[in-house]
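Naming follows writing order (A, B, C and D), and every chain is counted from residue 1.
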Amino acid sequence: MPRPAPWRLDAAAYPYTQVVQTRFGDMDVLGHLNNVAFAALFETARTKFNRHAELWGRDFSGRRAVVAQVEINYLAEGSYPEDVEIATGIGRIGGRSWSILAAMFQGGRAIATCDAVIVMDLDEAGAGLPDHFKHRLAEFRVREA
Amino acid sequence: MPRPAPWRLDAAAYPYTQVVQTRFGDMDVLGHLNNVAFAALFETARTKFNRHAELWGRDFSGRRAVVAQVEINYLAEGSYPEDVEIATGIGRIGGRSWSILAAMFQGGRAIATCDAVIVMDLDEAGAGLPDHFKHRLAEFRVREA
Amino acid sequence: MPRPAPWRLDAAAYPYTQVVQTRFGDMDVLGHLNNVAFAALFETARTKFNRHAELWGRDFSGRRAVVAQVEINYLAEGSYPEDVEIATGIGRIGGRSWSILAAMFQGGRAIATCDAVIVMDLDEAGAGLPDHFKHRLAEFRVREA
Amino acid sequence: MPRPAPWRLDAAAYPYTQVVQTRFGDMDVLGHLNNVAFAALFETARTKFNRHAELWGRDFSGRRAVVAQVEINYLAEGSYPEDVEIATGIGRIGGRSWSILAAMFQGGRAIATCDAVIVMDLDEAGAGLPDHFKHRLAEFRVREA
(Lines give C-alpha, C1' and ligand atoms only; values in the text may rest on other atoms or scores of the structure.)
Protein backbone atom coordinates (compact mmCIF):
# COMPACT_ATOMS: atom_id res chain seq x y z
CA MET A 1 0.00 0.00 0.00
CA PRO A 2 1.34 3.41 -0.95
CA ARG A 3 1.50 5.85 1.94
CA PRO A 4 2.17 9.59 1.92
CA ALA A 5 5.66 10.65 3.02
CA PRO A 6 5.76 11.62 6.73
CA TRP A 7 6.33 15.32 6.03
CA ARG A 8 3.03 15.37 4.16
CA LEU A 9 1.21 14.94 7.48
CA ASP A 10 2.88 17.98 9.08
CA ALA A 11 0.74 21.10 8.72
CA ALA A 12 3.86 23.24 9.19
CA ALA A 13 5.15 22.00 5.82
CA TYR A 14 2.43 23.91 3.98
CA PRO A 15 2.32 27.72 3.59
CA TYR A 16 -1.45 28.10 4.00
CA THR A 17 -3.95 26.54 6.37
CA GLN A 18 -7.68 27.11 6.51
CA VAL A 19 -10.65 25.81 8.48
CA VAL A 20 -13.33 24.14 6.34
CA GLN A 21 -16.72 23.15 7.71
CA THR A 22 -18.14 19.69 7.24
CA ARG A 23 -21.81 19.17 6.39
CA PHE A 24 -24.47 16.77 7.55
CA GLY A 25 -24.69 15.41 4.01
CA ASP A 26 -20.97 14.56 4.03
CA MET A 27 -21.68 11.55 6.23
CA ASP A 28 -22.03 8.10 4.75
CA VAL A 29 -24.04 5.16 6.00
CA LEU A 30 -21.49 4.49 8.73
CA GLY A 31 -21.66 8.04 10.06
CA HIS A 32 -18.17 8.92 8.79
CA LEU A 33 -17.21 11.51 6.22
CA ASN A 34 -17.82 9.97 2.80
CA ASN A 35 -14.89 9.53 0.39
CA VAL A 36 -16.44 11.91 -2.10
CA ALA A 37 -16.99 14.48 0.64
CA PHE A 38 -13.21 14.52 1.18
CA ALA A 39 -12.85 15.38 -2.50
CA ALA A 40 -15.35 18.25 -2.17
CA LEU A 41 -13.60 19.57 0.94
CA PHE A 42 -10.20 19.51 -0.79
CA GLU A 43 -11.66 21.18 -3.88
CA THR A 44 -13.08 24.05 -1.85
CA ALA A 45 -9.77 24.45 -0.01
CA ARG A 46 -7.91 24.47 -3.33
CA THR A 47 -10.04 27.23 -4.83
CA LYS A 48 -9.65 29.33 -1.68
CA PHE A 49 -5.90 28.72 -1.69
CA ASN A 50 -5.75 29.90 -5.32
CA ARG A 51 -7.58 33.04 -4.30
CA HIS A 52 -5.31 33.56 -1.30
CA ALA A 53 -2.21 33.16 -3.44
CA GLU A 54 -3.71 35.42 -6.10
CA LEU A 55 -2.59 32.96 -8.72
CA TRP A 56 -5.09 34.15 -11.26
CA GLY A 57 -4.31 37.72 -12.14
CA ARG A 58 -5.25 39.76 -15.16
CA ASP A 59 -2.25 38.34 -17.07
CA PHE A 60 -4.07 35.11 -17.80
CA SER A 61 -7.17 36.21 -19.61
CA GLY A 62 -7.68 33.84 -22.48
CA ARG A 63 -5.71 30.97 -21.01
CA ARG A 64 -7.25 28.13 -19.19
CA ALA A 65 -6.07 25.69 -16.55
CA VAL A 66 -7.76 22.38 -15.83
CA VAL A 67 -7.42 19.72 -13.17
CA ALA A 68 -5.73 16.74 -14.84
CA GLN A 69 -5.29 14.40 -11.89
CA VAL A 70 -6.44 14.13 -8.29
CA GLU A 71 -5.09 11.53 -5.89
CA ILE A 72 -6.49 11.28 -2.38
CA ASN A 73 -4.98 9.09 0.34
CA TYR A 74 -7.44 8.24 3.10
CA LEU A 75 -5.62 7.84 6.42
CA ALA A 76 -8.34 7.88 9.06
CA GLU A 77 -12.07 8.40 9.38
CA GLY A 78 -13.51 11.88 9.59
CA SER A 79 -16.64 12.91 11.45
CA TYR A 80 -19.42 15.50 11.50
CA PRO A 81 -20.10 18.14 12.83
CA GLU A 82 -16.43 18.90 13.61
CA ASP A 83 -14.60 21.23 11.21
CA VAL A 84 -11.49 20.10 9.38
CA GLU A 85 -8.27 22.03 8.82
CA ILE A 86 -6.75 21.86 5.37
CA ALA A 87 -3.13 22.82 4.74
CA THR A 88 -2.19 23.59 1.14
CA GLY A 89 0.88 24.45 -0.90
CA ILE A 90 2.52 24.08 -4.30
CA GLY A 91 4.51 20.94 -5.12
CA ARG A 92 6.16 20.23 -8.47
CA ILE A 93 6.33 23.06 -11.02
CA GLY A 94 6.73 21.81 -14.60
CA GLY A 95 6.77 23.28 -18.07
CA ARG A 96 3.02 23.60 -18.35
CA SER A 97 1.69 22.02 -15.19
CA TRP A 98 2.03 22.19 -11.43
CA SER A 99 0.77 20.27 -8.44
CA ILE A 100 -1.20 21.51 -5.45
CA LEU A 101 -0.54 19.41 -2.36
CA ALA A 102 -2.82 19.36 0.65
CA ALA A 103 -3.39 17.57 3.93
CA MET A 104 -6.59 17.40 5.97
CA PHE A 105 -6.63 17.34 9.76
CA GLN A 106 -9.42 16.80 12.26
CA GLY A 107 -8.87 17.12 15.97
CA GLY A 108 -5.17 17.57 15.26
CA ARG A 109 -4.86 14.26 13.42
CA ALA A 110 -4.07 13.92 9.72
CA ILE A 111 -6.99 12.11 8.06
CA ALA A 112 -6.17 12.52 4.35
CA THR A 113 -3.77 13.96 1.78
CA CYS A 114 -4.59 15.22 -1.69
CA ASP A 115 -2.35 15.75 -4.73
CA ALA A 116 -3.87 17.65 -7.63
CA VAL A 117 -2.11 18.22 -10.94
CA ILE A 118 -3.17 21.33 -12.85
CA VAL A 119 -2.35 21.79 -16.54
CA MET A 120 -2.47 25.08 -18.39
CA ASP A 121 -3.28 25.41 -22.09
CA LEU A 122 -0.35 26.47 -24.21
CA ASP A 123 -0.55 30.04 -25.47
CA GLU A 124 -0.81 30.87 -29.19
CA ALA A 125 2.97 30.75 -29.50
CA GLY A 126 3.04 27.26 -27.99
CA ALA A 127 4.57 28.42 -24.71
CA GLY A 128 3.80 26.85 -21.34
CA LEU A 129 3.82 28.52 -17.94
CA PRO A 130 5.23 32.08 -18.04
CA ASP A 131 8.22 32.71 -15.78
CA HIS A 132 6.43 35.23 -13.60
CA PHE A 133 3.71 32.66 -12.97
CA LYS A 134 6.29 30.02 -12.04
CA HIS A 135 7.84 32.49 -9.61
CA ARG A 136 4.47 33.19 -8.08
CA LEU A 137 3.85 29.45 -7.67
CA ALA A 138 7.31 29.01 -6.13
CA GLU A 139 6.48 31.50 -3.37
CA PHE A 140 3.84 29.07 -2.12
CA ARG A 141 5.84 25.89 -2.22
CA VAL A 142 5.55 23.26 0.45
CA ARG A 143 8.66 22.79 2.57
CA GLU A 144 9.63 19.17 2.11
CA ALA A 145 11.56 17.37 4.79
CA MET B 1 2.19 14.64 -16.84
CA PRO B 2 1.24 11.08 -15.98
CA ARG B 3 -1.23 9.52 -18.40
CA PRO B 4 -3.18 6.30 -18.10
CA ALA B 5 -1.88 3.39 -20.18
CA PRO B 6 -3.71 3.07 -23.53
CA TRP B 7 -5.48 -0.18 -22.59
CA ARG B 8 -7.12 1.69 -19.70
CA LEU B 9 -9.21 3.61 -22.23
CA ASP B 10 -10.58 0.47 -23.88
CA ALA B 11 -13.94 -0.54 -22.42
CA ALA B 12 -13.34 -4.11 -23.63
CA ALA B 13 -10.51 -4.46 -21.10
CA TYR B 14 -12.98 -4.38 -18.21
CA PRO B 15 -15.37 -7.21 -17.29
CA TYR B 16 -18.33 -5.03 -16.35
CA THR B 17 -19.84 -1.91 -17.90
CA GLN B 18 -22.81 0.08 -16.69
CA VAL B 19 -24.66 3.24 -17.66
CA VAL B 20 -24.67 5.95 -14.99
CA GLN B 21 -26.81 9.08 -15.23
CA THR B 22 -25.37 12.53 -14.77
CA ARG B 23 -27.25 15.18 -12.78
CA PHE B 24 -27.90 18.85 -13.27
CA GLY B 25 -25.97 19.57 -10.09
CA ASP B 26 -22.89 17.80 -11.48
CA MET B 27 -22.18 20.79 -13.68
CA ASP B 28 -19.67 23.41 -12.64
CA VAL B 29 -19.57 27.09 -13.49
CA LEU B 30 -18.34 26.31 -17.00
CA GLY B 31 -21.19 23.91 -17.70
CA HIS B 32 -18.97 20.82 -17.60
CA LEU B 33 -19.10 17.94 -15.18
CA ASN B 34 -17.36 19.03 -12.02
CA ASN B 35 -14.25 17.14 -10.82
CA VAL B 36 -16.00 16.03 -7.67
CA ALA B 37 -18.97 14.81 -9.70
CA PHE B 38 -16.61 12.40 -11.48
CA ALA B 39 -15.65 11.06 -8.07
CA ALA B 40 -19.32 10.57 -7.15
CA LEU B 41 -20.06 8.84 -10.45
CA PHE B 42 -17.10 6.47 -10.02
CA GLU B 43 -18.13 5.76 -6.42
CA THR B 44 -21.64 4.78 -7.46
CA ALA B 45 -20.27 2.58 -10.25
CA ARG B 46 -17.88 0.93 -7.79
CA THR B 47 -20.60 0.04 -5.31
CA LYS B 48 -22.78 -1.38 -8.08
CA PHE B 49 -19.82 -3.35 -9.44
CA ASN B 50 -19.24 -4.81 -5.96
CA ARG B 51 -22.86 -5.85 -5.87
CA HIS B 52 -22.69 -7.31 -9.37
CA ALA B 53 -19.57 -9.28 -8.48
CA GLU B 54 -21.14 -10.37 -5.20
CA LEU B 55 -17.88 -9.59 -3.48
CA TRP B 56 -19.49 -9.20 -0.10
CA GLY B 57 -20.98 -12.48 0.90
CA ARG B 58 -21.87 -13.82 4.27
CA ASP B 59 -18.29 -14.97 4.82
CA PHE B 60 -17.16 -11.49 5.73
CA SER B 61 -19.33 -10.57 8.64
CA GLY B 62 -17.16 -8.86 11.18
CA ARG B 63 -14.46 -7.74 8.75
CA ARG B 64 -14.33 -4.34 7.23
CA ALA B 65 -12.85 -2.93 4.03
CA VAL B 66 -12.13 0.76 3.51
CA VAL B 67 -11.09 2.87 0.58
CA ALA B 68 -7.44 3.80 1.16
CA GLN B 69 -6.65 5.66 -2.05
CA VAL B 70 -8.49 7.08 -5.04
CA GLU B 71 -6.72 8.48 -8.08
CA ILE B 72 -8.71 10.03 -10.90
CA ASN B 73 -7.20 11.07 -14.23
CA TYR B 74 -9.27 13.65 -16.07
CA LEU B 75 -8.90 13.22 -19.82
CA ALA B 76 -11.68 15.30 -21.35
CA GLU B 77 -14.65 17.37 -20.31
CA GLY B 78 -17.97 15.71 -19.55
CA SER B 79 -21.41 17.19 -20.08
CA TYR B 80 -24.99 17.06 -18.82
CA PRO B 81 -27.62 15.68 -19.51
CA GLU B 82 -25.89 12.85 -21.38
CA ASP B 83 -25.31 9.61 -19.46
CA VAL B 84 -21.84 8.20 -18.98
CA GLU B 85 -20.70 4.59 -19.29
CA ILE B 86 -18.38 3.28 -16.62
CA ALA B 87 -16.32 0.13 -17.15
CA THR B 88 -14.94 -1.52 -14.03
CA GLY B 89 -12.68 -4.41 -13.06
CA ILE B 90 -10.17 -5.64 -10.51
CA GLY B 91 -6.49 -4.68 -10.85
CA ARG B 92 -3.77 -5.66 -8.40
CA ILE B 93 -4.60 -8.22 -5.71
CA GLY B 94 -2.31 -8.01 -2.68
CA GLY B 95 -2.03 -9.61 0.73
CA ARG B 96 -4.70 -7.47 2.32
CA SER B 97 -5.68 -4.99 -0.37
CA TRP B 98 -6.85 -4.85 -3.96
CA SER B 99 -7.48 -2.20 -6.56
CA ILE B 100 -10.65 -1.47 -8.50
CA LEU B 101 -9.90 0.09 -11.89
CA ALA B 102 -12.47 2.00 -13.91
CA ALA B 103 -12.82 4.15 -17.00
CA MET B 104 -15.59 6.62 -17.81
CA PHE B 105 -16.88 7.17 -21.34
CA GLN B 106 -19.28 9.71 -22.78
CA GLY B 107 -20.38 9.60 -26.38
CA GLY B 108 -17.90 6.79 -26.93
CA ARG B 109 -14.92 8.84 -25.77
CA ALA B 110 -12.90 8.10 -22.62
CA ILE B 111 -13.14 11.12 -20.32
CA ALA B 112 -11.58 9.79 -17.10
CA THR B 113 -10.02 6.82 -15.34
CA CYS B 114 -10.18 5.94 -11.66
CA ASP B 115 -7.96 3.70 -9.54
CA ALA B 116 -9.24 2.88 -6.07
CA VAL B 117 -7.26 0.88 -3.52
CA ILE B 118 -9.35 -1.03 -0.97
CA VAL B 119 -7.82 -2.40 2.24
CA MET B 120 -9.38 -5.03 4.43
CA ASP B 121 -8.86 -5.24 8.20
CA LEU B 122 -6.82 -8.21 9.28
CA ASP B 123 -8.83 -10.92 11.02
CA GLU B 124 -8.23 -11.87 14.66
CA ALA B 125 -5.47 -14.27 13.64
CA GLY B 126 -3.70 -11.49 11.75
CA ALA B 127 -4.54 -12.92 8.34
CA GLY B 128 -5.23 -10.80 5.26
CA LEU B 129 -7.45 -11.64 2.31
CA PRO B 130 -8.76 -15.24 2.39
CA ASP B 131 -7.90 -17.34 -0.65
CA HIS B 132 -11.50 -17.78 -1.74
CA PHE B 133 -11.91 -14.01 -1.73
CA LYS B 134 -8.78 -13.58 -3.83
CA HIS B 135 -10.16 -16.10 -6.29
CA ARG B 136 -13.42 -14.25 -6.45
CA LEU B 137 -11.57 -10.99 -7.13
CA ALA B 138 -9.46 -12.69 -9.79
CA GLU B 139 -12.58 -13.67 -11.75
CA PHE B 140 -13.26 -9.98 -12.32
CA ARG B 141 -9.78 -8.90 -13.34
CA VAL B 142 -9.21 -6.39 -16.08
CA ARG B 143 -7.49 -7.75 -19.18
CA GLU B 144 -4.31 -5.73 -19.53
CA ALA B 145 -2.71 -5.22 -22.89
CA MET C 1 -49.64 18.06 9.02
CA PRO C 2 -50.20 19.09 5.45
CA ARG C 3 -50.43 16.16 3.04
CA PRO C 4 -50.43 16.13 -0.75
CA ALA C 5 -53.83 15.59 -2.38
CA PRO C 6 -54.41 11.91 -3.31
CA TRP C 7 -54.22 12.56 -7.08
CA ARG C 8 -50.66 13.85 -6.56
CA LEU C 9 -49.57 10.28 -5.79
CA ASP C 10 -50.95 8.88 -9.05
CA ALA C 11 -48.29 8.73 -11.75
CA ALA C 12 -51.04 8.73 -14.41
CA ALA C 13 -51.92 12.31 -13.43
CA TYR C 14 -48.64 13.57 -14.88
CA PRO C 15 -47.82 13.79 -18.59
CA TYR C 16 -44.16 12.73 -18.32
CA THR C 17 -42.42 10.02 -16.32
CA GLN C 18 -38.73 9.23 -16.25
CA VAL C 19 -36.40 6.85 -14.43
CA VAL C 20 -33.72 8.57 -12.34
CA GLN C 21 -30.83 6.67 -10.76
CA THR C 22 -29.96 7.05 -7.11
CA ARG C 23 -26.34 7.29 -5.98
CA PHE C 24 -24.36 5.79 -3.14
CA GLY C 25 -23.76 9.29 -1.78
CA ASP C 26 -27.51 9.93 -1.59
CA MET C 27 -27.71 7.78 1.50
CA ASP C 28 -27.70 9.31 4.94
CA VAL C 29 -26.46 7.86 8.20
CA LEU C 30 -29.53 5.63 8.45
CA GLY C 31 -29.00 4.15 5.00
CA HIS C 32 -32.01 5.95 3.51
CA LEU C 33 -32.04 8.55 0.78
CA ASN C 34 -31.14 11.86 2.36
CA ASN C 35 -33.63 14.77 2.26
CA VAL C 36 -31.28 16.85 0.15
CA ALA C 37 -30.80 13.95 -2.25
CA PHE C 38 -34.55 14.05 -2.95
CA ALA C 39 -34.11 17.71 -3.89
CA ALA C 40 -31.27 16.85 -6.27
CA LEU C 41 -33.27 14.03 -7.85
CA PHE C 42 -36.29 16.31 -8.39
CA GLU C 43 -34.04 19.04 -9.81
CA THR C 44 -32.55 16.69 -12.37
CA ALA C 45 -36.02 15.42 -13.32
CA ARG C 46 -37.24 19.01 -13.70
CA THR C 47 -34.46 20.01 -16.06
CA LYS C 48 -35.00 16.89 -18.17
CA PHE C 49 -38.76 17.56 -18.22
CA ASN C 50 -38.07 21.10 -19.45
CA ARG C 51 -35.95 19.68 -22.21
CA HIS C 52 -38.58 17.07 -23.08
CA ALA C 53 -41.29 19.75 -23.25
CA GLU C 54 -38.98 22.01 -25.24
CA LEU C 55 -40.03 24.88 -23.02
CA TRP C 56 -36.92 26.91 -23.77
CA GLY C 57 -36.91 27.75 -27.43
CA ARG C 58 -35.16 30.46 -29.31
CA ASP C 59 -37.99 32.88 -28.48
CA PHE C 60 -36.66 33.47 -24.99
CA SER C 61 -33.18 34.69 -25.57
CA GLY C 62 -32.60 37.55 -23.20
CA ARG C 63 -35.24 36.53 -20.68
CA ARG C 64 -34.52 34.60 -17.58
CA ALA C 65 -36.54 32.29 -15.35
CA VAL C 66 -35.58 31.43 -11.79
CA VAL C 67 -36.81 28.97 -9.19
CA ALA C 68 -38.66 31.02 -6.58
CA GLN C 69 -40.00 28.28 -4.33
CA VAL C 70 -39.56 24.57 -3.82
CA GLU C 71 -41.71 22.52 -1.47
CA ILE C 72 -41.01 18.85 -0.94
CA ASN C 73 -43.30 16.50 0.98
CA TYR C 74 -41.54 13.41 2.26
CA LEU C 75 -43.94 10.46 2.37
CA ALA C 76 -41.77 7.41 2.84
CA GLU C 77 -38.12 6.43 2.98
CA GLY C 78 -36.17 5.84 -0.19
CA SER C 79 -33.29 3.43 -0.65
CA TYR C 80 -30.16 2.80 -2.73
CA PRO C 81 -29.30 1.27 -5.20
CA GLU C 82 -32.86 1.09 -6.56
CA ASP C 83 -33.82 3.67 -9.19
CA VAL C 84 -36.73 6.04 -8.65
CA GLU C 85 -39.42 7.07 -11.11
CA ILE C 86 -40.32 10.74 -11.25
CA ALA C 87 -43.57 11.93 -12.83
CA THR C 88 -43.72 15.60 -13.77
CA GLY C 89 -46.19 18.11 -15.17
CA ILE C 90 -47.27 21.75 -15.11
CA GLY C 91 -49.58 23.02 -12.38
CA ARG C 92 -50.73 26.62 -12.01
CA ILE C 93 -49.97 29.05 -14.84
CA GLY C 94 -49.94 32.69 -13.72
CA GLY C 95 -49.13 36.05 -15.22
CA ARG C 96 -45.39 35.68 -14.90
CA SER C 97 -44.91 32.42 -13.06
CA TRP C 98 -45.86 28.75 -13.25
CA SER C 99 -45.48 25.70 -11.11
CA ILE C 100 -43.88 22.36 -11.95
CA LEU C 101 -45.41 19.50 -9.98
CA ALA C 102 -43.73 16.15 -9.50
CA ALA C 103 -44.04 12.90 -7.60
CA MET C 104 -41.32 10.35 -6.86
CA PHE C 105 -41.95 6.61 -6.76
CA GLN C 106 -39.78 3.71 -5.73
CA GLY C 107 -40.91 0.13 -6.11
CA GLY C 108 -44.29 1.45 -7.19
CA ARG C 109 -44.83 3.43 -4.00
CA ALA C 110 -45.01 7.23 -3.84
CA ILE C 111 -42.21 8.44 -1.57
CA ALA C 112 -42.28 12.23 -2.14
CA THR C 113 -43.91 15.09 -4.01
CA CYS C 114 -42.30 18.33 -5.14
CA ASP C 115 -43.87 21.67 -6.08
CA ALA C 116 -41.56 24.20 -7.72
CA VAL C 117 -42.60 27.74 -8.61
CA ILE C 118 -40.72 29.32 -11.52
CA VAL C 119 -40.80 33.07 -12.15
CA MET C 120 -39.81 34.74 -15.40
CA ASP C 121 -38.33 38.23 -15.63
CA LEU C 122 -40.63 40.79 -17.21
CA ASP C 123 -39.61 41.84 -20.70
CA GLU C 124 -38.58 45.42 -21.52
CA ALA C 125 -42.21 46.38 -22.05
CA GLY C 126 -43.12 45.05 -18.60
CA ALA C 127 -44.97 42.03 -19.96
CA GLY C 128 -45.09 38.65 -18.25
CA LEU C 129 -45.42 35.23 -19.88
CA PRO C 130 -46.15 35.43 -23.63
CA ASP C 131 -49.35 33.68 -24.74
CA HIS C 132 -47.54 31.13 -26.88
CA PHE C 133 -45.46 30.15 -23.87
CA LYS C 134 -48.58 29.77 -21.71
CA HIS C 135 -50.08 27.53 -24.39
CA ARG C 136 -46.95 25.45 -24.45
CA LEU C 137 -47.06 25.08 -20.68
CA ALA C 138 -50.77 24.16 -20.83
CA GLU C 139 -50.02 21.21 -23.11
CA PHE C 140 -48.07 19.62 -20.27
CA ARG C 141 -50.53 20.20 -17.47
CA VAL C 142 -51.16 17.61 -14.80
CA ARG C 143 -54.63 16.09 -14.84
CA GLU C 144 -56.08 16.88 -11.45
CA ALA C 145 -58.72 14.66 -9.92
CA MET D 1 -46.39 34.48 -5.88
CA PRO D 2 -46.20 33.55 -2.19
CA ARG D 3 -43.63 35.58 -0.27
CA PRO D 4 -42.33 35.08 3.27
CA ALA D 5 -43.73 37.47 5.90
CA PRO D 6 -41.41 40.47 6.47
CA TRP D 7 -40.40 39.37 9.97
CA ARG D 8 -39.00 36.18 8.45
CA LEU D 9 -36.22 38.25 6.90
CA ASP D 10 -35.12 39.77 10.21
CA ALA D 11 -32.30 37.79 11.81
CA ALA D 12 -33.25 39.22 15.20
CA ALA D 13 -36.49 37.23 15.08
CA TYR D 14 -34.59 33.97 15.46
CA PRO D 15 -32.90 32.78 18.67
CA TYR D 16 -29.83 31.24 17.02
CA THR D 17 -27.58 32.40 14.20
CA GLN D 18 -24.57 30.61 12.76
CA VAL D 19 -22.08 31.13 9.96
CA VAL D 20 -22.08 28.40 7.32
CA GLN D 21 -19.43 28.14 4.61
CA THR D 22 -20.32 27.79 0.98
CA ARG D 23 -18.40 25.41 -1.29
CA PHE D 24 -17.07 25.62 -4.81
CA GLY D 25 -19.37 22.79 -5.81
CA ASP D 26 -22.41 24.76 -4.61
CA MET D 27 -22.22 26.91 -7.71
CA ASP D 28 -24.39 26.22 -10.72
CA VAL D 29 -23.72 26.93 -14.37
CA LEU D 30 -24.44 30.62 -13.85
CA GLY D 31 -21.94 30.94 -11.01
CA HIS D 32 -24.64 31.33 -8.35
CA LEU D 33 -25.41 29.05 -5.45
CA ASN D 34 -27.48 26.18 -6.80
CA ASN D 35 -31.02 25.60 -5.47
CA VAL D 36 -30.07 22.25 -4.04
CA ALA D 37 -27.03 23.79 -2.34
CA PHE D 38 -29.41 26.04 -0.40
CA ALA D 39 -31.17 22.90 0.81
CA ALA D 40 -27.85 21.38 1.92
CA LEU D 41 -26.85 24.60 3.73
CA PHE D 42 -30.19 24.76 5.56
CA GLU D 43 -29.95 21.07 6.46
CA THR D 44 -26.53 21.53 8.03
CA ALA D 45 -27.74 24.61 9.93
CA ARG D 46 -30.77 22.66 11.18
CA THR D 47 -28.71 19.79 12.54
CA LYS D 48 -26.34 22.20 14.30
CA PHE D 49 -29.30 24.12 15.71
CA ASN D 50 -30.72 20.85 17.09
CA ARG D 51 -27.39 20.19 18.73
CA HIS D 52 -27.20 23.73 20.11
CA ALA D 53 -30.72 23.45 21.52
CA GLU D 54 -29.93 19.99 22.89
CA LEU D 55 -33.26 18.80 21.55
CA TRP D 56 -32.20 15.17 21.48
CA GLY D 57 -31.47 14.05 24.97
CA ARG D 58 -31.40 10.60 26.49
CA ASP D 59 -35.18 10.72 27.00
CA PHE D 60 -35.85 9.91 23.38
CA SER D 61 -34.07 6.65 22.87
CA GLY D 62 -36.33 4.46 20.84
CA ARG D 63 -38.35 7.27 19.26
CA ARG D 64 -37.68 8.67 15.89
CA ALA D 65 -38.32 12.01 14.21
CA VAL D 66 -38.32 12.50 10.45
CA VAL D 67 -38.46 15.50 8.15
CA ALA D 68 -41.94 15.50 6.63
CA GLN D 69 -41.86 18.72 4.62
CA VAL D 70 -39.32 21.29 3.52
CA GLU D 71 -40.27 24.53 1.79
CA ILE D 72 -37.59 26.91 0.58
CA ASN D 73 -38.29 30.40 -0.72
CA TYR D 74 -35.53 31.77 -2.94
CA LEU D 75 -35.30 35.54 -2.61
CA ALA D 76 -31.99 36.50 -4.19
CA GLU D 77 -28.94 34.87 -5.70
CA GLY D 78 -26.13 33.64 -3.50
CA SER D 79 -22.45 33.52 -4.37
CA TYR D 80 -19.21 31.68 -3.61
CA PRO D 81 -16.79 31.94 -1.79
CA GLU D 82 -18.61 34.19 0.67
CA ASP D 83 -20.05 32.54 3.80
CA VAL D 84 -23.74 32.71 4.59
CA GLU D 85 -25.41 33.36 7.93
CA ILE D 86 -28.34 31.18 8.86
CA ALA D 87 -30.78 32.18 11.60
CA THR D 88 -32.94 29.39 13.02
CA GLY D 89 -35.78 28.94 15.50
CA ILE D 90 -38.86 26.90 16.30
CA GLY D 91 -42.21 27.81 14.73
CA ARG D 92 -45.45 25.90 15.24
CA ILE D 93 -45.53 23.19 17.94
CA GLY D 94 -48.25 20.60 17.38
CA GLY D 95 -49.37 17.34 18.93
CA ARG D 96 -46.70 15.24 17.28
CA SER D 97 -44.88 17.64 14.99
CA TRP D 98 -43.09 20.97 15.00
CA SER D 99 -41.58 23.32 12.49
CA ILE D 100 -38.05 24.67 12.29
CA LEU D 101 -37.92 28.08 10.58
CA ALA D 102 -34.76 29.56 9.12
CA ALA D 103 -33.53 32.47 7.04
CA MET D 104 -30.28 32.70 5.07
CA PHE D 105 -28.31 35.92 4.70
CA GLN D 106 -25.31 36.83 2.61
CA GLY D 107 -23.63 40.20 2.88
CA GLY D 108 -26.42 41.27 5.22
CA ARG D 109 -29.16 40.55 2.68
CA ALA D 110 -31.80 37.83 3.10
CA ILE D 111 -31.46 35.41 0.20
CA ALA D 112 -33.76 32.55 1.27
CA THR D 113 -36.08 31.19 3.93
CA CYS D 114 -36.70 27.58 4.87
CA ASP D 115 -39.60 25.95 6.72
CA ALA D 116 -39.11 22.35 7.79
CA VAL D 117 -41.80 20.25 9.45
CA ILE D 118 -40.54 17.46 11.70
CA VAL D 119 -42.81 14.61 12.81
CA MET D 120 -42.12 12.28 15.70
CA ASP D 121 -43.30 8.67 15.85
CA LEU D 122 -45.97 8.04 18.46
CA ASP D 123 -44.75 6.10 21.47
CA GLU D 124 -46.11 2.63 22.32
CA ALA D 125 -49.01 4.19 24.20
CA GLY D 126 -49.96 6.26 21.16
CA ALA D 127 -48.79 9.54 22.68
CA GLY D 128 -47.24 12.37 20.68
CA LEU D 129 -44.69 14.94 21.86
CA PRO D 130 -44.04 14.77 25.63
CA ASP D 131 -44.70 18.02 27.54
CA HIS D 132 -41.10 18.48 28.58
CA PHE D 133 -40.07 18.26 24.93
CA LYS D 134 -42.68 20.85 23.94
CA HIS D 135 -41.35 23.14 26.65
CA ARG D 136 -37.84 22.68 25.37
CA LEU D 137 -38.97 23.53 21.83
CA ALA D 138 -40.86 26.59 23.13
CA GLU D 139 -37.65 28.03 24.61
CA PHE D 140 -36.27 28.33 21.06
CA ARG D 141 -39.29 29.86 19.39
CA VAL D 142 -38.95 32.57 16.80
CA ARG D 143 -40.30 35.95 17.82
CA GLU D 144 -42.97 36.78 15.25
CA ALA D 145 -43.85 40.35 14.47
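As a convention for this text, a residue touches a chain if its C-beta (ideal position, glycine included) is under 8 Å from a C-beta of that chain, and two chains touch if they have at least 3 such contacts.
Bear in mind that the values here come from a model prediction, so they are computed numbers and not experimental data.
Enquirer: Based on mean C-alpha positions, I'd like to know which chain lies farthest from chain A.
Expert: Centre of mass proxy via C-alpha means gives C as farthest from chain A.
Enquirer: So which one's got more C-beta contacts, C-D or A-D?
Expert: C-D
Enquirer: Could you state the distance in Å from the CA-based centre of chain C to that of chain D?
Expert: Computed value for the inter-centroid distance: 23 Å.
Enquirer: Go ahead and note the Å separation of the Cα centroids belonging to chain A and chain D.
Expert: About 32 Å separates the centre of chain A from that of chain D.
Enquirer: Residues touching two or more other chains, restricted to chain A: which are they?
Expert: 25, 36, 40, 43
Enquirer: Contact residues on chain B for chain A in the complex?
Expert: 1-2, 35-36, 39-40, 43, 66-74, 94, 97, 117, 119
Enquirer: Tell me, which parts of chain B touch chain D in their complex?
Expert: Where chain B meets chain D, its residues are 25, 27-31, 34, 36-37.
Enquirer: Which bits of chain A are touching chain D when the two form their complex?
Expert: These residues of chain A touch chain D: 20-21, 23-25, 40, 43-44, 47-48, 51, 81.
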